[in-house]
Every structure is written in C-alpha cells, then in structure tokens.
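Letters A, B, C and D name the chains as they come in the text, with residue numbers starting at 1 for each one.
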Amino acid sequence: MTVRFAILGAGRIGQVHAKAVTATPGATLVAIADPMTEAAQSVAQKYGCDIRTIDEIAASSDVDAVLICTPTNTHADLIEQFAKVGKAMFCEKPVDLSLKRVQDCLATVAAEDATLMVGFNRRFDPDFMAVKAAIDAGRVGDVEMITITSRDPGAPPVEYIKVSGGIFRDMTIHDFDMARWLLGEEVETVMAQASVLTDPKIGEAGDFDSVNVMLRTASGKQAIITNSRRATYGYDQRIEVLGSGGMVSAKNMAEANIELANGDGFGTPPLLNFFMTRYVAAYENEIAAFVASVADGAPTPTTGQDGLMALALADAAVLSVKEGRAVKLSEITG
Amino acid sequence: MTVRFAILGAGRIGQVHAKAVTATPGATLVAIADPMTEAAQSVAQKYGCDIRTIDEIAASSDVDAVLICTPTNTHADLIEQFAKVGKAMFCEKPVDLSLKRVQDCLATVAAEDATLMVGFNRRFDPDFMAVKAAIDAGRVGDVEMITITSRDPGAPPVEYIKVSGGIFRDMTIHDFDMARWLLGEEVETVMAQASVLTDPKIGEAGDFDSVNVMLRTASGKQAIITNSRRATYGYDQRIEVLGSGGMVSAKNMAEANIELANGDGFGTPPLLNFFMTRYVAAYENEIAAFVASVADGAPTPTTGQDGLMALALADAAVLSVKEGRAVKLSEITG
Amino acid sequence: MTVRFAILGAGRIGQVHAKAVTATPGATLVAIADPMTEAAQSVAQKYGCDIRTIDEIAASSDVDAVLICTPTNTHADLIEQFAKVGKAMFCEKPVDLSLKRVQDCLATVAAEDATLMVGFNRRFDPDFMAVKAAIDAGRVGDVEMITITSRDPGAPPVEYIKVSGGIFRDMTIHDFDMARWLLGEEVETVMAQASVLTDPKIGEAGDFDSVNVMLRTASGKQAIITNSRRATYGYDQRIEVLGSGGMVSAKNMAEANIELANGDGFGTPPLLNFFMTRYVAAYENEIAAFVASVADGAPTPTTGQDGLMALALADAAVLSVKEGRAVKLSEITG
Amino acid sequence: MTVRFAILGAGRIGQVHAKAVTATPGATLVAIADPMTEAAQSVAQKYGCDIRTIDEIAASSDVDAVLICTPTNTHADLIEQFAKVGKAMFCEKPVDLSLKRVQDCLATVAAEDATLMVGFNRRFDPDFMAVKAAIDAGRVGDVEMITITSRDPGAPPVEYIKVSGGIFRDMTIHDFDMARWLLGEEVETVMAQASVLTDPKIGEAGDFDSVNVMLRTASGKQAIITNSRRATYGYDQRIEVLGSGGMVSAKNMAEANIELANGDGFGTPPLLNFFMTRYVAAYENEIAAFVASVADGAPTPTTGQDGLMALALADAAVLSVKEGRAVKLSEITG
C-alpha cells in the first residue's frame, strides 16, 4: 500500500517533511496547502504535487494522511476537522498550549477512533534510539537516574518567545518527552528552578532562559534536565542513563569528525548548531515510522497522549518555579 | 622555614597524609598519635617519627601544626584544644555533623586567631584546578550553570551509613563545596529529591542512595548535583561549567589510557574506583597548600567557613527532601 | 542548465550513482544500460528512465554525460568511445590495470579534448575534505608527514582478488590518491613491504593482505600507508597529517555515537563496516561535483591523470616488494 | 633483603633515579659519584648518601648494585669494570654507539655471569604495559601490524645531535625496542626513509629529523615507526597493535583532562611535553623492576641483548636510507 499524503503548511518544517515524504518508500505526496501562495507553489513545483485548500484536502478521496505543519494555535482545530473525515494525522508538537484544549481535542480523536501521531522527533534520532535499544536490551539493568542536557545555540526572537508558552512548554517539552520515554514509568513529582541569564529581554517577556528540572517517579527513579538558551559551542543535546548495571549515553554531533592539534592543544569543531541539520535523520525516521504505522494500521510510536503528558510536565514545572515547591503531576492532570 | 607536623589518628587517611607530609619539601613529621598502638607504631617506623599522646602533642614545642585525622565526633573538641595552644590545624571534613557545634567551634578558632584548614581534597585535584583556572582566566565568560556528577563505585557498609549523617552530609558535601567554589557566589536556595534504589538496607538505615540537588544563587546562577552510591564502571567524578562564553569540563580518570577494539566495538578500561587512587595527586597538593600557608602565615585555601557552608547546604537539602520545597540557606544558617 | 545523464552498468555502484544523480539538483537521469535486463529494469523503474544499449546512448542527443560503472576491463574502451562522441565522462577507478593502456586512453581523451573525471570517492568525504581545508587554510603549516590507516573489515572473495590487480592496485590505490592529494607534491620514491597474514588463500592467489608503504617527495615530505584486509572492529579509515605548525586528523565513523559503561569499562559501537554506508556522503558529493563541473564547463576535481598517477604508485609498490628496494616513480612512468 | 645502591653520574637522569631508588621499598641509596662536585653534593644532601669515586664504589662492600648514568661513551667501560667486581648493573641505553663494542662488552658480562639491565623506560609505562598485557592475554589474537608514532616536542641542541649517533640510534632506538617487545618475534628486514624538514642545521650536522621505518619478521608480522623531531602539540607517544582478533592502542597523555568549548569548538590541553613528566611512572616502575630482580636473583626484564638488538635495528635503518633498499638484520649482526 502506498500512503497518499497532503501537507498542511508549507513553512520550514512543512518543507522538511515534504522532502521526507517523497523520499520514503511507500509514501507519495499528493497535495500541499498554504495560504502563502508562493510557499505552496515552491513545494508543489519541487515535488510535483497539487496545491489545494485545507478544506479541499479534507474532502479529497486520494489523500490518506495529513501532516499538520501549521502554527500551533491551529493544531487542535485541524486535528478535530481531520479526525472527523478519517484521515490519519501527524501533528507537530504541541497540540495546543492549553492542557484543557489538548484533553478535549484528544477526546474527539478517541471518539472518532482516529490515528494521531504527535511529532517528538528526538525519539527517532539514531543515537537516542541506540540508547533506548541498549536500555530495552537490559544492558544497563534497571534505569535509575537520567541526566538530559539540552542547550540551544541561541535564543529565538523575543517575538517568538512571547507566544511560545515559555521555555518549559517550548523547549524543555522535548526533554520531558525524552525523560518519560527513557524512564519507562510516569513522573510523579516535578521540581524546577529558573533564571534569566543570557538576555534580560527574555525576562521582560515573562520567560526564562536557564532552567533546571528534577523529576521523580513513584518507584523513585529520577531524571534531571538542564536547559539553556545559549551554548556558544553549538546545539548541545546529550542524554545519560544510569542503571543498576551500568550507564549508557549519547554524545553530541560535531560539524566534522576531525581534530586539529597545535601549541594550544587539541581541537575539534563546534557542534552542528541548527535543529534541522542536527536532527536530519530523526525527521526522516519519524515520517518513515508514521508511514509504516498508517500502512500497517498499527499504533503510532508517539501519540496524542505523549503530547499531553509532556505538556502537563511543563505546566508542573511552571507551577514549581512559581511556588518554590515539588508539584505532583496529578495536581496538573486532575 | 620547615613546618613540623604531628598527625592525630593513624588510620587510612592519617597514613595518606603521613606520606604526603614526608614527601613535601618544607615539611617534616615529628609525631603520630593513635590509641591503637599498632597503627601508631607502623607510621612511626615507616616515617621515622615519635609516638606521642594527643595531650603530649598539644604541649610539644617542636610541633607547629597538626593534622586531625581522628573520627568525626572528636574533630570539634580537638580543634578547640589545639586552637588554644596555637598550633596550625588541618582537619578532615566535616568539623562536626551539627551545624551549631561547628559554629561554636569556629567561634573559638576566631577568638584564638588560630589557623584552621578544613580538608576539601577535590579543590586540589589537578583537573578540577584546571577547570577553576579556566574560569578565573575568563575562558568561559560569566559562570551560569554547573553540572556536578558524583557517583561512588559502591556504598559504604550500612554500619558506617548509620553514623555518617546521611548521604547529603557524607557524600554530597564534597559537591556542595565544589559548587560554592565554582559558582563564585553563595547559594540562596536549595531543592533536593532523594530515593533508595541500590539497596533497601540503606533505606532501612534512614538514608538515601540516589539524590539530585538544584542550587540557585541570588543572581540566578544555578548548579545541579547528581549522586549515586553505585556506579558499576568506577568512581564517577565529573564537573561541567557553562558560562556566557563557553563551557569547561573535567573528565573522568580511567585505570589506563588504552583502547581495545574488536567485533564488539571500542572499549576503554573502567574508572579508577577508589578515592585514594583517584585523588592521590589531590591529597598531595592539599597538604602542600597547607604547608605553604603555615610557612608563609597566609590564609589557608579552604577554611572552617567552607566546612560550615557545605554542611549548611547539606542540612538545607535534607529539609528540602523532607518538606518537598525550596529551602533558603538563610533558614539554616539563621 | 540541467545535465542529462546515462549510466553504463546497473550493478551495485551504478545503483548508488543513479540515486545520487536523481537527488542532485541540476542533474537528471535519462537512460540506463546493462546487458543484465533485470538490473537495468530495476533502475529504470525506480528512477523513471529509459533502458538503452551503450551504442544507443553514445548516439543519443539527449544525453550530456555518462557514468561508467561497468567492469574494469571495459573502462578504457568505453572512455575512448564516449570521448569521440563528446560526452562528459565519469569513470569509476581504475581506468585500466595496465598503465600503458591508461596512458593510451588518456591520450585519446586529450586529443578529443573530452571531459573525464575518475572516481576517487574519498576526496569527497566530508571529514577528509575538512582535513584538506585545514591544510589549505594553513592551519598545520607546511605538510611534512602523513599517516594513512586503511583497513577493510574483511577480504573480498578470492575469485575477485585474482582479477583485482592485487592489493596495491585494488585497495592501496585509494590511499595513494589520498597521499598525493594531501602531500601537494608528487611522490618521488616508493618503498613497500607485504605479507599474507589473514588468509593463506590470498597468498595462493598471488596476492597479499597486509601491506605497508612509505612514500617520499623530492622535497622530503613523507607519507606512510598501512593496509590490512581484516579489521574485526569495522572499516578503519583514518588520516593524520603532521605539519610544521600542527597536526590534523580525521577520525573513524561508528555505527552510533553512544557509549556504554559497566564493570568492563566504557564501550562504543564498532565502525560502520561497509564502504557504501561509510562513504554515503562522499558518493553524493562526488556526483554533485561532477555535475557542477559539467554544468560550468570547469575542470573536474579529479582527473584521468589522477587515476594514472595512483596506478603508477601501485606499480611502484609492487616492484618495491619484489625487489626489496626503493623504487623511483620515474622508473614506472617512463 | 634491602638492595644497596650507588649511582654513577649525578646529572638529570641520575637525579631521577636517585629519587626513584629512595622511594622504592627494598632499596636504599648508599653513594653517589660525579666528578662535578656540586652535582654530587646536591644529591648526597637531598637523599642523605655518601659521595664516593667510581673506583671507591667498585671496591665498596656495602654496595650491591650500581646505576650507570654517566655519558654514553663511558658505559661499556663501566659495565666491564663493575661486572668484574660482581655488582648488579642498571645502565641507561645505549651501551655504546658501536655495535662491535656492545658485543664485546656483553661478552664480558656473560663471562662474569653478571647482572645487567639496560634501561628502556617505555616498557615500564603503565599504558604501554597495559597494551602488552592485553596482547599477552590474547585480547587481540595474533599480532600482525604495529604502528608506533613517536614525535618529540622539539629537537635537542645541534651540539648534542652531532654526538648522538643520529636520530635512528638516539630517538628511534626506543621505538625499535617497543616494536621488538610487542611483535614477540625478531625483525628480519628493515626499510627506512629520512628527511630534514624541521631545521636545516640538523642536516648540516649529518642527521635527519623526520624518518619512517618499516620492519618485517620472518613470519610476515610488520611494524611501522614514524618519528619527527618536532610536534608543536607536545610529546607524541602512541602505539597501536592490530591483531587477528582486534586492535589495542595507547593514547597520549595531556597536561590535564579538561575540555573547553566555545565558538571555535572543543579543545583539550597540549600533551605533556617533556620525557621526564611524560614518563615519570615509567622511571619509577623501571627502578622497582630492577630492585625486584636483584633482590630475587631473577633475570632483569630488559637485558644487554635488548640494547644490542635495538642498536642493530638502528644500524640497519641507517644502511637502508643510505642504499635505498631493504636491509636484513643479519647483515648487521653478522
């Protein structure tokens, strides 16, 4: 079976997925939708697909699945619209910045028995997959303590930060998902602390740029997350898992695997410093996994529930910073 | 000037220091004291020094300085005794497990204008010193976020744990001192979480074996500490400092710097797994620094105040775990 | 301008290049030729191109360039055929196993003023390109001593070895090209030694499996090459360049960038162990470079002369082993 | 039994060994000899030993063993003198720059049944010992190909070079010994090439500064050695052993195990750049091994024969460069 795709949104991430869809065996790109005519035309021309409106796509019998790559504030509405017409859906995280809205939306998905995958690209990174595989193969014994280091090369524009939902919902959310995935057990309590250290404008916008989070599960497993909006040496993305039998970690990816030595010592290049170069394989694998799920009628590897739980952890972190205390996840999810 | 030493306590750490004293130019070992005759004789014979009682040493005109290597519960009394007779003192951490007792003891030291260095050996590790030197040279800009990973190869006997004051006062205390040293600013708030994951007997003894701590200074600098009593791969001792201009980190020390490759991949040996092999250079440097301070009449590089502040951070962490909230250091130090 | 391609040979490497051509902007695949109908059909179907005979391609006005991916013993004849009809040519190394035949063939290319690129994929590997860029930027000063380590995971079938021209012409030839490229000066003398250590069948076929080579230029720059047909840990491909001002080196590529630690120490996965996974980016870059040269009418980055010189070095190494002496390259090239 | 030592020569290496002897359990330093009164007094004072003449030491009944740390041209005579009076001898390499003189001297040692250890300190480096242990434990299978990289931070003074016997006898000799030790089989043929690249004065003195050597044993095992008198990044000392089952290698030692990251990438400090800091543990282990041999009456771990064979390999390399051919070791040793 070939899965026939339409992509909603021809922006940066829509283009990444357009390339992935056309390169994935068993998938074909039928249509692109975007109110920006030029962006839509560029994708249509490059990959030989139609331009259609979102409503036309919802009504198209030659489309099996949609990739929702529109702005965040449209996600939940689109998911509900396409759930009702029986299209399989892949939606970029987050479903919505409001937990309540996400819960409602997922209720609709469930009621329609629709297929929804929420994009957490890092789970599909080859190195992080190898870490997970090592855990699943029992190579570190029981997971006990996880350290996630996640630092952006630089902060996004303040205009973006203002509508982002804040660092915990915009940036740490990826790390919350990784923590859940690797802990293998739901988080019970969250403690967080936050500062503004890299740019006072971020503070003026009501956000933080430097945060640490501690998570604890009912059985006592723990994870720590350390985030900064600034890492001069590139996009810092590391994971370390300590278990009863050992430790497994994923290392950073440099621009090139060379080393230069001189009187100053030994040097290697900075890290890849853009998420689209750092995670190029992850984006391809993610779409391939969605295609495989749709083709097989199998559950998607990441779900709406994953999106909801990561957002709930972000909400708990926000509350922990505000009240200076450990927040139970159940306080958030109700 | 040659600094003439006596060592109180001929146990494991006393022997380490006896070797360091005799190997340090400008220092000489005059006497050893220990109620265990055999232990005292062994040191006396090996290094050609007298055996005296503690009171004899306090009265000895040929002793300039003492190394207090006796059990923790004797430290404060001995410090007070020797402060009053004008001997320079090096005392193994902690001064006492009670913050109040430490405060009283330090008041006596101050009243007598005595010299007291409290042993935080890690500050004298060549790699950690190189990290500090890089910070002080401005090579990472302003310090923002610190990650300290500190894991023991295995837990001490439960009998020891019962009298240790708990993991925060016994193990994390070293990391609290490192954090203070590297942050360059006092900590304002402490959040901690703790579990028993490696051995239920540790929990039965009222202690934890797996803890994470977050520290925050008034200006928003942060540090996280992750501790476990079990690391199958050796003694894990890492520090990473993120600053506005870059990052500096100290790596672990392996048993040998070799690599073995075969069909399973590439392997390097486990880490040195005993604090006395891992920190051999640190112990030597520490004694050399004390000798230099005494000889020059200069302030010691670590002080009673350092010992007190690290203990206060430990007390704050204990309270944070108990009450599930951020604890202000001022709640502890009063 | 879009460069219109035909590929001669639909075997393993032909398929690699078919994928690269269709993925390269500015290039299009028009036709495939292969006497094995099934192989040709597979490529034609996958990439939507015609199946034609070699002679039909030579006569096709809609073909600008050909990729010669046929067996080695056909290369020289095909180059001459296509040079005469004015097609730009990319030919897999070697042009021929006979230096005389290569010289004659290149004379024809020159007489026809034809474009010929000989495939030395390693020059297009991103890491090796970064090494070359560092040298060209003066970051190691004047190049003095090069060490090239090149080991295959395992030997090819003995049937292949028998017709391969021997290890120096089949395997070391890549390293000879790298040495010439990085030395920036032609080699004057060659010394080589050779053994059979991994499989006596290789010796029975008249070849070696373990060789070392030393090269020296007129100005005294040196290179050493170490080759083995067996490396249990994967495909070992390293380069190290010492210059007057420093050293630059390219590291190996592992299956994943993770590390596993336990009581046995720290382990990382084996190396990628197949040239088509190890050099996937190199093959893409190589075709892109050819496309760019043809589109611009610019010289190709690797030439027939490069192919000839690498073969001459291989012939010199063969003679050095036979006669146990330093062989001047001028003895070979006449 | 305590081994009672005298040291002949109070220069740099004599002082290193004086420290090692006094620190080694089971050894004591009785006397030092040096025509430079000041140097002798300095050692005598520091370690509390007598000053005696060489002849007095030869006649001393309270001296069991001597360390010969005098200039090279005195070694053979001193060995013969002390062999005849029954002292155990440790002599710094080389015994003499003339192979014939070495052979004669060793004949005297044999005739007197004397104990002679020739110093090849690198065999006692902890990392190289770990490499050898891995080989002996069968962890790489049968040894096949060895790569030894050995580069000095800078050349010695030209005045020294003129009397050094040349780079092969002065510098490569250590690598020849390592190759013999690790190959586990005597070398049959030697090929070498040499240049002057770092300083023309070295060429004017009749020597080279950049050399490569290939060694081959009767069974076809191979080793390559690459040497330079200049490495801007420090003292480069690496060994890599490929076997039928895997590879083992020893890495370099940096000034500190820290890493600094910023916009230029990741940097680690230069290598330790002096043989006395790089090989501090090796010198200590070497003396401890000699002490153990003398105390036990056991064979020394390195012998006069080791010194002779390394020198013969150096002579073969000199001849190979001169005549541009593979030289059989039997041509040299007769």
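Just so it is clear, contacts are C-beta pairs under 8 Å (C-beta built on N, C-alpha and C of every residue); 3 or more make two chains touch, one makes a residue touch a chain.
Computed from a prediction, not measured in an experiment: that's the story for all the values here.
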If a chain touches chain C and chain D alike, it appears here: A, B
Joint neighbours of chain D and chain B, given as chain labels: A, C
Farthest-lying chain, centroid of Cα atoms versus that of chain D: A
Mean-CA-position distance for chain C and chain A (Å): 40
Chain centre separation (chain A, chain D; CA means) in Å: 58
Residues of chain A whose C-beta touches two or more other chains: 232-233, 245-247, 261-263, 269
Residue numbers on chain C that touch chain A, as the complex places them: 126-127, 130-131, 134, 139-140, 245-253, 255-263, 269
Parts of chain D lying in touch with chain A, wherever the complex brings them together: 232-233, 254, 261-270
Contact footprint of chain A on chain B as seen in their complex: 142, 144-145, 147, 149, 151, 189, 191, 193, 195-198, 210, 212, 214, 216, 220-222, 224, 226, 228, 230-233, 236, 242, 244-247, 324-326
